[in-house]
Each structure stands twice: as C-alpha cells, then as structure tokens.
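Step one of this worksheet: look at the structure below.
Every chain is named by a letter (A, B, C and D) in the order it is written, and numbering of its residues begins at 1.
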Amino acid sequence: MIVMAAHATQEQVRAVVARIQSLGLSAQVNRGAERTVLGVVGHESESDLDALGLLDGVERVVRVLHDYPLASRDFHPEDRVINLPGGAQLGGPGVLVMAGPCAVESRSQLQAAAEAVAGQGVKVLRGGAFKPRTSPYAFQGLGGDGLKMLRAVGDDLGLAVVTEVLAPEDVELVAGYADLLQVGARNMQNYRLLQACAQVDRPVLLKRGMSATLEEWLQAAEYILAGGNLQVALCERGIRSFEPLVRFSLDITSVPVLKRMTSLPVVVDPSHAAGRYEYVKAIGLAAVAAGADGLLVEVHPNPSEALSDGAQSLNPKAFAELMGGARKVAEAVGRQIT
Amino acid sequence: MIVMAAHATQEQVRAVVARIQSLGLSAQVNRGAERTVLGVVGHESESDLDALGLLDGVERVVRVLHDYPLASRDFHPEDRVINLPGGAQLGGPGVLVMAGPCAVESRSQLQAAAEAVAGQGVKVLRGGAFKPRTSPYAFQGLGGDGLKMLRAVGDDLGLAVVTEVLAPEDVELVAGYADLLQVGARNMQNYRLLQACAQVDRPVLLKRGMSATLEEWLQAAEYILAGGNLQVALCERGIRSFEPLVRFSLDITSVPVLKRMTSLPVVVDPSHAAGRYEYVKAIGLAAVAAGADGLLVEVHPNPSEALSDGAQSLNPKAFAELMGGARKVAEAVGRQIT
Amino acid sequence: MIVMAAHATQEQVRAVVARIQSLGLSAQVNRGAERTVLGVVGHESESDLDALGLLDGVERVVRVLHDYPLASRDFHPEDRVINLPGGAQLGGPGVLVMAGPCAVESRSQLQAAAEAVAGQGVKVLRGGAFKPRTSPYAFQGLGGDGLKMLRAVGDDLGLAVVTEVLAPEDVELVAGYADLLQVGARNMQNYRLLQACAQVDRPVLLKRGMSATLEEWLQAAEYILAGGNLQVALCERGIRSFEPLVRFSLDITSVPVLKRMTSLPVVVDPSHAAGRYEYVKAIGLAAVAAGADGLLVEVHPNPSEALSDGAQSLNPKAFAELMGGARKVAEAVGRQIT
Amino acid sequence: MIVMAAHATQEQVRAVVARIQSLGLSAQVNRGAERTVLGVVGHESESDLDALGLLDGVERVVRVLHDYPLASRDFHPEDRVINLPGGAQLGGPGVLVMAGPCAVESRSQLQAAAEAVAGQGVKVLRGGAFKPRTSPYAFQGLGGDGLKMLRAVGDDLGLAVVTEVLAPEDVELVAGYADLLQVGARNMQNYRLLQACAQVDRPVLLKRGMSATLEEWLQAAEYILAGGNLQVALCERGIRSFEPLVRFSLDITSVPVLKRMTSLPVVVDPSHAAGRYEYVKAIGLAAVAAGADGLLVEVHPNPSEALSDGAQSLNPKAFAELMGGARKVAEAVGRQIT
C-alpha cells in the first residue's frame, strides 16, 4: 500500500503508478476524500518498495504481507513435527521438556544433572559446551570436551542431546555429537550460522533475539528453511524491556501468536527469562497453559556452585516440583508432558 | 551505596562522609583494590541521595532498599485480602474472575453481557462508564448514566461492580455506585486521583502504567495505602514493547515477582494485553497457572458491534470456553475459580 | 486497508464489503496473487475498524491515516507561534530557552536561580510549585505559595513564568499566576486535565509521556486543540528504554519527525532525559542542532542541596556554559537563542 | 554489594561472609536499621556473585563495578586515536565523516557515490560487500567482487575504505581489502567474530546491538581489546524502541555518556537510525553537537534505485547540505569536519 501525501498532485500519482508498472507490478488506485492510496500487487522486493517511498508525493509505504513463506502457516497449514532419537517429539500432541545444566562443567556435574532430569522422565538433555558470554573474562565452556561428555552421558542414560552452536565452522563438529542444534538469542541474526545450520541433517532450535520482532524471528527461521532444512523449532526466552527486576520479560503472548502465524513448534525457556530460580516454576507452568510445545529448563545439581547462570538454575528438588506442576497443567489443557 | 570514582582522593572520601553525617545518617567505608565504596545507613530521602551524587569524586549512587513500606511483603508478610459484596474475595485462596464489556453502551448491551458472565458463575461485573480514549473524537462513555446502569444490572443479578474512575472530582460519585474502583494504566501516576481514592471506603484496583516498573507501581499503590486506604489490588495489563503484533506485551513474570515483593492481590487483564480475542484464552490460562489471584476479562454480547475494544472482547461462547479452561488450570495449581 | 486471510472465500470478501457499505463507507477491492486487500474510504471511527477486523476471513486491519487533524501539518501547513508576555516567542525563528529550578523551594532559592538565568538573557522562568513525585514520601512542592513566589520573582525580573499543573481543579488557580501551563509526562493521557487546559486562555506546554508514541502524543495535544485552545507546544523529555545508565533516552529524532507531522512548536528538556548534569550540555546542544524551537532547562543555585532532581540540575556556571554553546550552535543552524 | 533479606538471621549473615572468604574475597558488614548489607571486595567473577545470590537470607546482589578494564576511561584516561591511511583520524580533534552507499551494487554506482563524497572532502569511503539482510530473499551483496571494487575505487580517489565483515572466516579476506573493519549491530555479540577481528592488524568499528546496553557494548569491545587489537571505535546507530515512526531511536545521550566511560572514539550513524533521508541531516548535526568523533552516512547516486536502504540514503545534493551544516556545527563546538 502506498499512501500519497495530502497534497499530492494527479501527476505525482501517475508517476508512481508508472514506476510500479515498470517494476512488473500492478497498481490499483483508491481515491479517498483526504488521500489517494495505491495498492501494489505482485511479487515486489523490499528494496523496490523502499524506492517507491522516495518518489515525489509519496507519504509512506505500508507493507501488508509477510515475507516468510516456508515458516508461514498460510502456506503450510499442518503443524511441523520434529522427531528426535529415543522417541522424543517436538510439535506433536505432547509437551516436550528438555533439561540440564546451563554449561557442562565436568563429567560428574553433568552426570548428576542428567540423572536428576532422567529420573523425572525427561528424554532430552540440554547442556552448553560452547558458551556465549557477555564478558570475555567469563567461563567460555569446555568446547569439544563438553560435547563428548554430553554424548557419553546422553548415550548412557538414553537421552537425546541439545546443545548450542556458536559459529558456522563448528556446525559439523556439533552435529557430530548433538541430536538438536541450538542457535542462541545473540546469534538469531547471524545469517552465516543459520545458513550453515541449513546444510546439516539435524533439527535446529532457534532462540528469539532479545529484541527481535516475531516477523524478524520467522524471517531468521526462513534462512534455515530456505536453505533446505525443514526441521526448525522456535524458542521464546524473554525480550528486553525496561523492567530492572527481571533479566528478560517473557513474552507469553508470543506463544498463541506464533501458533497462528507459523507451523513450527514453539518452545519456551523459563530459566533465562526469569533470571532467578524462584520464578521459573510459575512461568514454566504459564508457558504450558499458553500452549507451548516444549520447555527448555536449566537444572544444576548444586546451583550455588554453578560456573554460569547459577541464579536461575533449578536444583533437582525444585525441578521435580516444576515437573509435577507441569504435568497437571498440561493435563488441564488436554496435553501430556513427554 | 556510594561508589567513589577510581581516582577519588582521601580528602574527597572524607568530605562525602562528612556530608552523610551532616544529614543525620551514618556511613561505612569499604576500601577495595580499585574503588572505595561507602555504605549509607539511615532513613535517607531520595533528594539527599541525589545530592550526594554531585559531590566531587563520587561516581554513582546505588539505591539498595525500596520505598514502599506499606505495600511491601517484608513489612506485612500476610496476604492482604479484599472482600467484596456478594461473597467475592480477592487475594484469598480462590481466583476471582471479573468480566463484562469494555464500555457500557446501553442497558440492553450491559444486561446481555452481565447475564452471559453471571451464567458462568462470575460474581463481579466490569464495565466502563468513563472511558479514557487516545483520540478526543472517540466514544468517551456514558458517564453517570453508565454508572446507574451498572448498579442496576449488578443489583438485578447479584453481582458486585467494578468500574474505572478518571478524575479526583469523580471519586465520590463513582464510589456511590461501584464496589471496587479501578484506576487505569494511563492514570497510574495521577497522584491526585490516587490520593482521592485513598479517602473513600472502597477498595481500589490499580492497573500498571504501560511502562511503569514494578517498583514505581508499588510506589503508586503506596499513595493509596499511605492515604489510609489499605484495600488495594494490582492489575497487570501488559507493558509497552517493540513488538508490533500485540497491543501490549503481557509481563507474565510480574505475577511471581509481585507475589514475592508485596502482600497485595495480583490480577491479570488478558484482554488489553492481547488486543485480539484469539489470544485471550491462552494468556488468561497462563496467568492462572502463574499464580494470579484474579482475571479481568472483556466480554461483549456482540463484539463486532462494540463501540470500544471490540477486537479484544470475547463473545459469550468464547468466554465460556475461557472459563472452562481456567477452571481446569486453577485446579491444576491447587486453586478454584470464584 | 483490510487484509483478507490467504484462504478467504469470495463470499467472505463480499460480506466484508457489505459491512463496509452499511457503515456509510466505500470499499475498493484489490485482488492479488496471494491475497485480497480492501481499501476503505470515508470517515470511519476506530471502533468501526476494530469491528471489521472480527469478520470471518479478515486477517488484519491496517490504519493508514492519522487522527489529529488540528495538530497536523497537512491541515495547517504554517507553523503555529505562541507569544508570551515580555516578548518571548515559541515556534518562531528564534530558539527559546526556559530555565529555573525543578521545584520552588524558597523565595531566596528561586530568586537566586531566576537572577542566574535572567543574567544569561533568558526570558522565561520555569519552576515547579506542584510536583508529581514517584514516592508519596518525597517533597511534593510548595503549592499555592510556590505559585505566588514564581509570579513575584517573574514580575520582579521581567520574566514570563511556566509551571506545571497537576489536576483539573487547579487549572484556574495556576492560570492565575503562570503565563504558560505545563502538563507533565505522567499526565499526558490525563484527559480531564487536558480538557480543563483547553478552557483557559493560557498556552500549554505538553510533555511527552515516557512511553507515548508520537501519534498518541499528537492525539493528546488534539484534546486541547479540539477543546478550543490552539496555543499548544510539545516538549520531548526522553522515553523509557532498557538502558540503565540514563534516566530516559532522549528521542532526538522526534524533533525532525514532529516538525514534519505537526505545526506545533517543539521544545526539548535535556535535564530530565539526562538525569545527570554532566550530560545536559551535550544533549541540549544536540537538540538545538536538530531543530528544536526551545529548551527547558533545570538550573539551581546549589544543586547538591536541591530538594528534587538535584543530580540533573545545572549550577549557574554550568548553565552559562550551556548558553554559550547553544548560542553558537543556534547560529550554525541559522537561528538565534532568545 | 549483597543485600540481605529483612528477616535474615545472624547465622545466615555469617554463612554468607564465610562463603565470600572461601572465594578469596573479603567482606565488610554494614548493619542498618532495616537490613544488613555486605560489601564484597576483590576480583570476583560473575558466576561467584550469582552463586552468592542463592545463599539463604540473601535478597539480592548489586554489582557496582564494571567489567571492561581495557575499554574503560578509568584505566586509560587518554583518548585512543585511530589513524587510517590517507591521513584520516578517528578520535582526534577532528570529526571524521565516512560516507558511501549502503551496498556496493556495481562499479559505476560505487564510483558515482565515491566521487560525490570525495567531492565534499570526505576521506573514508563506506560500502557494503557482505550484507546482513533480515530476509533470506533480499539482495545479499556482491561479496568478494564488492570488496575489489571498494579497494579499486578507494585507491583511485585516495580514500580509505570501511566495510562490514560478517563471519570469522571472512576476516582475513576483508582485511586484505579494507582499512577499517565494521562489525554490524546484529553481530555485536557474535563473539567468535570479535575474537577473529582481534587477530588482524586492522582497526575495528563496532556498532551497537539494537538493544545492547552501554555496558554490554563495552564488554563486546573488550573481546577485541583483550584479544590484542587496541584499535576499536564504537558506532551508535539507534536502539529499538516502541516508536513505529522511526526505524531505530538514536540514543543521542550515549555520546556524552560513552565519552565519560571509555577512551574509545565514538561515531554516530544517522542513516540507520533515521530510516528516512529527510531526518538524516537533523540528527547528523545533533550528533556533531553532542560530541561525536565521527559520522557514518549512507550516500547513493540515485536512492530511488538502491538495492538496499534506499529510503534512508542521501543523494549527492542532500549529502552536500549535510556536510555544509556539519561544518558549521562542528565549528560551533570547537572542532572541524575532516
């Protein structure tokens, strides 16, 4: 839609229409009492539209259609389902819990966390081997050694493994150990990484950038989908707001909005959003009630000694309470925790 | 806490300490390897602290304690409970649903909405007589006539009534008809209105300003509490964010954070946050799962003909579905819808 | 513009068109490859549009025209100029500086501040008699006594006076002493106050709400304009953001955007935005460079003893430096400080 | 600073102190009327502090010191100056303008843009060869061919060249052609890329992430500095806000705040912030008035045919006007455009 300025002349309108046609598009002219508005129809590019906004007499250009065909529910009405080894399923009727420590710190720490989550029926182990840290002086993860530990502990307990990949050159390495590749919030618009993730035969869990709009997020997912990997799930983890008492503001409404916009599974990470363990259960249950297809939860055998994100990690007892609550809420909305 | 600059001199530190003492406060000096940090102890005012920040050698002042004693859970550990006529209770073991049209448009519209919500077991009728509208050209409510209709319909069906008050000079009038006074988001920092609400014998439902921090909100509640009215409940209705696809971003985490900070009941308004009826059920259930003490829901007998907020109003059928879901989720978290 | 869903049927389109016509509006249908988009022409209300969004097959409604005819530059291309007593002019070729203490604290404090600003050639004295404070326990201003002091000191030094009004019932009182009524950020959407300001023969300086969009702000101005008072100026004072190191984020781009949207004068308050005196000069000069028609600056004879906002007040020496810099920058952009 | 809960016991305080000491840090205890606050002194890590927050009786942990020693002005009081080939200097007494097209589209387009900017006395040519685009279907840049054109045109006209690098594996390639490497907003927290930029002998222009705090930004710069590359400049390009009428909200106050926090040069990009060419001049001049050390400006020989960001690009005539204005404003603040 092109909104002409209040005092645009007939000639200016004609010039805009001519330009639209020269781009291979068609235009329909709506003359109102106050303004003339042009509808542009066709497969226009973003830059064409930008350029039209610069013609004389044009006030603004309003884009009405989205730009993520593969992610869109319009073009793919059925839910996309991701199957993981060991029978775990993301995007199906169940609500999948993925849990484990923020960072892999040692074999014994990982083993303890994995046993705690497996004991609660969890089928997917999370854990960070490569950690993106705000400060260069903070613990950056165990890297390749962490990956090996994740695989070994996962195999030992029959758990699928999800872990973060930070750079395009690591994608193959990580895919060699993990069943689900996580792209973190800071890398949501690291397009080279997304393109690299499109090249491997592993599903991808794409976290929302801390200030990404839902459309930008789906466009980022589209990079992976368009690259040939149709196994993508989304993970809401809180957005940046003005509120100083929470780490991020969990955008709970994104769950039903996304379920309408896209067929991709929608996961919620209550740990990063809360920033503090006391709030994880409440917002984890809220996510299940709102229709999330999965939860990603930080669990540490001893949070007060964690090398990363201790404040928001649940200890095994608190995790068991979360699971108990989540089972009841899932049932209340006609689903089951898996 | 006063953080001195890295190169602050001994003399500057001494001068700051002297000033602290001259204000009747005491100071404790922590000399670190990099900085000196002063702890200030006593009942300091905000402006005293501001002023200390201006002394030579001071880098910044960090406030560590809050400023809302009456709202705080520290000073009043027990939940504050509000009892309304007809047995409705806010802040007790149950989850109280308050529902009705955004604006009172006519007696018949109100009657139809009220019957629909009463039919679902709701005990409190909401409806706006004075409407704050962004545009001066939009419908501004029926005013006094709307109040009378609310009272008549409420009495007819045995419902308590909650409605918004916009100005100090209306407080007595509205209190003559309503059982619970609502202060809207736009007026959260209209201190004269808060002070006027402190003077009447009616409980107050204080909505969060669209970009108020949780502390500012509790300080606004403190205006009512300090004025002598201890019957205050809080209502989260979404905060302003960068996301264009929702009207406001419901801050679901505010529910558990507030339950920790304050003893006041916490209500959630899923309608204003969603901005669109399709999302109301999902986030309403999320609010119950997160621990809200109540829901405030817009219900209209025929939303597509509403004079205000039609897009986010539930029709009676959709409201019945919300109630059905809410009952199950409330049970899942050990509570009951009332 | 009404965007139909991808799979909307012909019948649904026809039903929406019929409804548009029943509202006395006309519709133009644009059938694209992917979607049908309807252009609605006529003087539609917001609630009509909301309601259309609820019809079957409608995906969303995009509003393309604004709703503030009296504030708009389209409808009033010439700049609106406000003349104040003593020859001060807001919105003309000069850049008007208004300065003085945040709060009137005493006659001697006010006198000292007023002499300092008058000594720099300033023609308008600012000062708060009624202070909106976040905490009920903070200094709330001297009220009527403060007004009298402002008038007396203003008359003594030949300065026009601007001061804040907090409530509708105070408008006449404040108008009895002040030459320019200020409506603060917290009250930008206090519509009763705006309506009361429309009833007096005094110009109004309307500050932007801390999270108001530019359109909402102009709609708030429209309340005063539509009420019959055409003497309105706008004051940008920073918006709420996620950045903890500034009090508010000054939205400098609002200056050129507003100059395009509206004919009302645009003032900038660098003091509230900065929150700290060191930054006031830099952003004050930036505002002049960006095209602001005025500056509103806090000056205190002794900021470290201020009862309110000391941290962001300039002392007389710093104010003189700001004025020196502002004169040069104003000249660089072809204007003069007045 | 560790703030204990209001009802924390002596024993809990002792346990926290013991833990602090076991971490090799020292603690100072401030017992106030309401709370006990502990000052922690020493070189603590972030995760240690997180963990302390989990001990019984602790209410919250307040971090008072920053974590970017190499970027900090405390530790390096003198301005860091970056010298580029051809005599251009960033961070010195002059204000450096870097200009050119958003994307390199062709040799002739680049040549025309470069001649236009060189004709205005500009010494540094900007232009994108690798473009990060929100949509996978948008023009992604000419890649290596674009780099070669930039170098050829730069050499031809005696201009230094700045261009963006998107991925660690491209750093050496880009460094082979460019004099200044740009890291874009989307990659501000792409730590692998920052680490790769630390390994080459080229200065780096680090743009602010669209919702990064100033501290996070300096911590990102610290990745490059700590990796051994001390030639880093910062570029403010607008932050994400709720305002729909601008692309990003230029955070003008960041200029004086950064100049106080850090010794690194501070550049402003008015083009991305404005999102529309009409506003570029006003906010570009504002940036110079606020104390920016440089401007990064998009110039296109024919913006309405640009493949990327046409709406915000200046044509040569508008750029000449910006330069004329900037020269005057620079002089007004005692500097010169270079």
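Heads up, the rule we're going with is that a contact is a pair of C-beta atoms (placed from the backbone, for glycine too) under 8 Å apart; a residue touches a chain by one contact, two chains touch by 3 or more.
Small disclaimer: the values here were computed from a predicted structure and weren't measured.
Taking the definition of touch as given, a chain qualifies here only if it contacts chain B and chain C alike; those chains are A, D.
At the far end from chain B, in terms of centres built from Cα atoms, lies D. Chain centres here are Cα means. That of chain B falls 38 Å from that of chain D.
Averaging Cα coordinates per chain places chain A and chain C 38 Å apart. Between the Cα centres of chain A and chain D there is a gap of 26 Å.
Our note on geometry: chain A versus chain B, Cα centroid distance of 30 Å, whole angstroms. Residues of chain B in contact with at least two other chains: 211, 240-242, 244. Of all residues in chain D, those touching chain C in their complex are 211, 213-215, 238-239, 241-246, 249-257, 260, 273-274, 278-279, 282-283, 285-291, 325, 328-329, 331-333. By the touch criterion given at the top, residues 45-47, 50-55, 67-68, 132-139, 166-169, 186-187, 189-192, 210-211, 216, 219-220, 222-223, 226-227, 240, 276-277, 303-311 of chain A touch chain D in their complex.
Interface of chain C with chain A (complex): residues 1, 3, 5-7, 28, 30-35, 37, 39, 41-43, 60, 62, 64-65, 74-75, 240-242, 244.
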